[in-house]
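Presented sequentially are two complexes of chain A, the first with chain B as partner and the second with chain C.
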Partner chain A sequence: MRFAYGLAIAVVGACLVPLVSPNYMLTIIIEALIWGIFAMSLDLLVGYTRLYSFGHVAAYGLGAYSSALLLLHFHMPLPFAIILAVVISSLIATPIAWVCTRTHGVSFAMLTLAFAQLGYAMLYRFKEFTGGSNGLAGIPRPAGPFGIELFQHKVGYFYLVVFCLFGSYLLCRSLVNSPFGSVLAGIRENEAKTRALGYNTRAYKRAIVIASYGFGSLAGALYAPFAGFASPELFFWLISGKVLIMVIVGGAGTLIGPIIGGIFFIFLENQLAEITDLWPLIFGSVFIAFVMLAPQGIWGLVTSTLNRRRAPAGAGPDPEDVSGASA
Partner chain B sequence: MPLLECIRLTRRFGALIAVDNVNMAVEPGEIRAVIGPNGAGKSTLFNVITGVLKPTDGEAFFNGERISGLPVHEVAQRGIARTFQLTHLFPQLTARENVRIAAQARLEGRWAMLGGGKVLAQSRRRADEALEQLRLTRFSDTPARNLSHGDQRLLEVAMAVAQAPILLMLDEPTQGLSIEETERAVDILRQMLAGGGLTVILVEHDMEVVFKLAEKITVLHRGQVIADGTPDEVKADAQVQSAYLGGFE
Partner chain C sequence: MNFAGFLLTQCLNALSQASILFFIASGLTLIFGIMRIVNFAHGALFMLGAYAGYTAVTVTGSFTLALVFAPLVTGLVGMAFERAFLSRLYVRGDGGAYLMVTFGLAVIMGEAIRLIWGPQPQGVPTPDMLRGVVFLLNQPFPYYRFFLIAIGAAAAIGLWQFLERTRAGLLIRAVSQNAEMVHALGTNVEYVRTGVFGLGCAMAAIGGVLAAPLVTAYLGMGSNVIIDAFVIVIIGGMGSFLGSIIGSLLVAFVQVFGAYYFPNLALAIMYLLMLLILVVRPGGLLGKEE
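Let's look at the complex of A and B:
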């Protein structure tokens, strides 16, 4: 019930944003929401399965280039291009997941990084196709389906992104609360035991890597047509680090936390960049502060504060109840 | 036909032969203890049977089907549940969720990615039963890491029971327990096994526990089976006396 109220407030609040936000702000807001989707997709790996991907930019880049190429060459309605881009990216992610999940820990992180770098290198290798360092410019936002022109305008695009954000959040939430999701928790806690119980843990890890890349590619697929261009920067390894920081600062293993972390950092970056060139320094300081002082992240701070405020009003001082609610 | 049959099962680690030509047949419904001094190869034998380790030589059959060499999860899927010598749990999850994940392991819908409420409810029911059997119901909502060592050992047994196994393999369930805790654990285990139907292989150090629970005993010494029979036969065996039981009676 509490969840339904929270969701309703969030949806209504989001829908009101274009009415109050100045036009230039809306650009930043859209970008922030796209990063929210991206960070949430990584949370499936980092927060729920304890698989540290250092190459999550591959998902973003794959999605961005897929949707860009589809729109440039096939001129299909925007929503179709985005869906198809996600499908293509997930298919490409399948062999990547196959290889990466044969390893653990640092090797997993390094392999994901290697695959991301491979993608980056291929952008330069297949220049005719990808535009090389120039990237792809002039990505159209065709109308449709049924001639709907809504998404061609910024406000319409905002609603598309909001829809994708809430849709993928609800899907991810259902995923982590499903029987499948509980196996991910088992893998996170003790993979050997999970295997001994009869779960083919490698297959589960493969599936969640593909799902995570799928949701991550949705973010990329939304970004390219919005920006109107796709450049190798969307495949650059620094982005993998940035999104990992967003997940940890937002609160890994909560889905909402990383969304907030993504939005928070894009705003922070945007505001600071206007004031000083030293914004990466502040970015880094915020990260260090969170890791040292609040490892549970922004959302962890919010929920623990809420629970503390609710506890005295609750049924009684049952310490087990409190620990259960925050777990 | 024996439920589990090991034929010349062997596992070497370099020059060390941890499990050496072990022949063992466990009949359905039997409660069998595997005993032997430290380093006798008891846990290694468990690990070879359950697929954690590949045998260097020999074979193991379960229900007439060859299981040696199968991956761990495949062995478990055939109905063999085990506990570990060192407690293996999901420390951050509640006791109930630990057992529920175990109960879900052999259900059809365990792969459900969206929803899956039916599987969750079904496995939860089974988990609550197993928790009650091991008298852990009052800890259902406690994170596993907050349980006492003794209750953690029992929780792992509850997980194995919730898997609805045909063969239950317990690796030193009373390891590290105090005398009182051991008595309590043995009581609980005995009641659980009195229900019948389960075939059990038990590795145990504590001879009292063994004689209270087991109907058949296999004695390992330096990887080899040196005796195999009823508790009385094993007690009377001269070789066992010198190798292991010295001073017990």
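Let's look at the complex of A and C:
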């Protein structure tokens, strides 16, 4: 029940944003929400399966370039192009997932990085197709389906992004709460044991990598038509690090945390970049501080404080305090 | 065109390239072998080495002093970082935490270097003694690159002998095999770890100083080189010293000849090579699968 109330408040609140926000702010808000989707998609791997992907930018770039090419060449209605871009990206992610899940831990991180770099190199290899270092400019946002022109305006696009954010959040949430999600948790805690229980852990890992890339590509597919261009910047490996930071600082393994982390960071970046050029210095220090001192992230801190307050006094120790670590 | 001369100079070019790559990759693989840490900041430390070398050359005018000063500074920075942050994470036993903390360090160092030395590239002149070219089969070849090959080979042999023959090298190899046992035998494993981390960082800094006359010291040289170094270490097998030599050679030859014969595919070939090796041997050429 609490969840339903929270969700309803969030939806209503989000829908009211365009009424109160100045137009220029809306651009940043849309970008922040897209990054929220992107960070959440990585959380499926990092937080729920403990597979550290250092090449998640590949998902973003694949989605962005697919939707850009579809819109440029076929001029199809925007929602169709986005859906199709996600499908194409997930198909491309399938062999990637097959190779990467042969390994785990550090090797997995490096393999995903290698695939992302391969994608980056391919952009330059197929210049006539991808525009090389110039990228693709002038991506249209065609009307439709049924002549709907809503998404051609910024406010309409905002609602589209909000819809995608809540939709993919609910999908991811039911995914991690399903029996499938329990097996993922088993892999996270002890892969050998889970395999011994009779689960084909590699197949589960493959599936979650593809799903994570799918949701990540949704973020990219939303970004390219919004910005109107796609450039190799969208495939640059530092983005993978940035989104990982958002997941960790927001709170890995909570879905909501990474969304908040993504939104928070894009806002901060936009606000701070104007007043100080020390931004990366602060950004890096905050990140190290979180990894060292609060690995559960912002949302983890919030929920544990709330739970502690909710628990009636004398009802026994908090389950998280059993270790005696936080006496 | 003189094909034999071309081939010879290209091979020598690749060898000199491999030498610089080796300085970065060997440190990376050494640190991984002992501590199971993938040091994302290794590229940034390489860059710090190049900038520190630039300062040493402009102040003292001596390239040799730069080759001493830069690794010293960078090694100390690395050791301080290891003591302050990484050593507190050992108990957690989570490889991801190392990756993230060192990534944070890479971001901070990149920015700190920009604040200290400014955004414009800083050229380091080739030392006077090594200026000029020699003609090999009518093809010009710079002396400096011969120097790179020589110093790379010397470092590879020196480091190998250090690991194989000295007591400190013995300790390092022992810690990489079973740290708990070494600890139980009365050695302070913490010191070994800090020392190895500093040594790895110092190696990267030497690579940075050596690369500076060729490419100047510029922001972003760290992020360019760290990817190459990762590829090398993965190809050779993480933690394998010999693997880092083989990987450096392979990557350098692929880069030099790939850039000539397949200019469009040069970047991709390196990653394809790596993927191929990983599919056949998930642990790299000489590595053990975890």
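Worth pointing out:
We take it that the second predicted complex is superposed on the first by the 311 of 327 C-alpha atoms of A that agree within 3 Å, B and C clash if a C-alpha of one lies under 4 Å from a C-alpha of the other, contacts with A are read in each partner's own complex, and residues count from 1 in each chain.
One rule holds for everything that comes next: a residue touches a chain if its C-beta (ideal position, glycine included) is under 8 Å from a C-beta of that chain, and two chains touch if they have at least 3 such contacts.
What you see is a predicted model, and the numbers here were worked out from it, not measured in a lab.
Contacts of A:V87 after superposition: neither chain B nor chain C is touched. Within the superposed three-chain arrangement, the count of touched residues of chain A is higher for C, of the candidates chain B and chain C. When both complexes are overlaid on chain A, the residue A:G105 reaches chain C alone and has no touch with chain B. Applying the stated contact rule after C-alpha superposition, one finds that A:L278 touches chain C and leaves chain B untouched. Of the two partner chains placed by the overlay, only chain B lies in contact with A:E189; chain C stays clear of it. In the superposition on chain A, contact of A:Y52 is made with chain C only, not with chain B.
Look at A:L171: by the touch rule set out above, it reaches chain B but stays clear of chain C. Touch criterion met: A:Y199 reaches chain B, while chain C stays clear of it.
By the document's definition of touching, of the two partners only chain C reaches A:M292; chain B does not. If you check the complex, the residues on chain A that touch chain C are 46, 50, 52, 54, 99, 102-107, 109-111, 113-115, 117-118, 120-122, 124-125, 237-238, 241, 244-245, 248, 278, 280-281, 283-285, 287-288, 291-292, 295. The touching residues of chain B, when paired with chain A in their complex, are 50, 52, 71-73, 76-77, 81-82, 84, 88-94, 97, 100-102, 104-107, 109-116, 119-120, 123, 141-143, 159, 163. Those residues of chain A whose C-beta lies close enough to touch chain B in the complex are 171, 174-175, 178-183, 185-186, 189-190, 192-201, 207, 211, 320-321, 323-324, 327. For chain C in complex with chain A, the residues that touch the partner chain are 32, 36, 38, 40, 85, 88-89, 92, 95-97, 99-101, 103-108, 110-112, 115, 223, 227, 230-231, 234, 238, 264-265, 267-268, 271-272, 274-275, 278-279, 282-283, 290.
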